[in-house]
């Protein structure tokens, strides 16, 4: 099994939040990850659409698996989310994360979230992780 | 009852996500809001600390109540989160939102999240809402 | 002449800052723009590399031409810059701006800045403009 | 002379960009800095107001002096700028930078830019620096 896959499984086992979100892995490889999530009732905000923090959570999980896939423990230090369209209950979202810059001390990752059956992306996320010198025990 | 309080109650009634997060209002007034949330097991990430998206969700809810408190429907268009410290299970977090700039078409809001018993803030959030011309029906 | 080109020329005529930066247009079309700039001595910071604000200025100009290319006056409301590598005096930079989301009231644009002779991008910028209802007089 | 002041003078000597911007120090102390800048013609954008990148440059310089004031070399890795009002030619701007979180590996700094004679801030900046282990030679 590839290291990226091993790191994902090791992280996901303890990631009770991603489990609660119902996140499913579609693709896990070095610096690249695709996750799927279906919008449920308890993810809605006061406007009846997907809560901004839930869309962000999906993106953050995708970033985490992509940027930790190289093996080093890499926590998020900054995240930025741009909202274009609003997802509704029952929508099936796909988050694709790609590491756009891999440095010795930090890495930057883009995540684009699309909605099944719709062409234009709904959410755009960009985040930076600090790359510690500690390796995932996998 | 003040308009800010009315808007909060009207939004919160349908905000199943904030309800799920166990968010409690400490203070709700025009352009200003304090919320409280306790970190639960299903909010943890693969590192055993509060998932970045859960901290963001608390901040986003605080921003939403503060920036909608003037009466106009105002959805988030951009959110930025800076991570300084990591909350753990059982931690009681307070999110204080203040509108820092109120324009005709957009408003900017800062949210600082602190942890009970600790002096230095854990998370810093800044977000921008688009101010529609539509009023909350309260 | 295309509208995008006309808007560019009309804006550039008064854009004394882009003129001072020595910005040259490589490509100007609807929602898409490539600019070139050479790093000069008065653009350096205290570390002897390109000042973060100068890299940002190049990106901001590229965003402005791309997001105003549809004809409506569209000022920046939020900009976010991620720094990966540092440019030096004499470096020739290319900034490519693409509108990633075009809404009725706002548009989001990505700008990637690369350095001649180097493969990996140096700077990543993402910004949001408010789309007024006023048209450029071109 | 205080270390913060020594670091400022050492950086400013080579910071040809801040010199070009006409930046003047009003206050330099540990984790805190106030700079002044007057808007000149070559700082204007195509709308006849201060170019977004010039406002950002002022904020970035203020952040640099505040976050390097502890002695460790600390380059910017991410900057976020929110635009509320537009400065015009002749306006005298003040940028106040405060370190809001000082960690071992990174520091976060807020900068608020105000305009002489006006109450409400014009620009809000937040940035993160990586704190290297190398000390400024002062």
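First chain written, first letter: the chains are A, B, C and D, and each begins at residue 1.
FYI, contacts are C-beta pairs under 8 Å (C-beta built on N, C-alpha and C of every residue); 3 or more make two chains touch, one makes a residue touch a chain.
Just so you know, these numbers come straight off a predicted model, no measurement behind them.
Most remote chain with respect to chain D, judged by CA-atom centres, is A. More C-beta pairs touch across one of B-D and A-B than the other; that pair is A-B. Centre-to-centre separation between chain B and chain C, using Cα means, comes to 33 Å. Measuring from the averaged C-alpha position of chain B to that of chain D gives a distance of 28 Å.
Separating the centre of chain A from that of chain B, both taken as means of CA atoms, is a distance of 21 Å. Touching of two or more other chains is recorded for residues 77-78, 80, 82, 128 of chain D.
Chain contact topology: the protein chains form a complete graph, every chain touching every other one. Only residues 10-20, 41-48, 51-54, 56-61, 64, 68, 73, 75-83, 86 of chain A touch chain B when the two sit together in their complex.
Put simply, chain C touches chain B in their complex at residues 77-78, 80, 105-106, 128, 130.
Within the complex formed with chain A, the residues of chain C that make contact are 80, 82, 84, 100-101, 103, 108, 120-121, 124, 126, 128.
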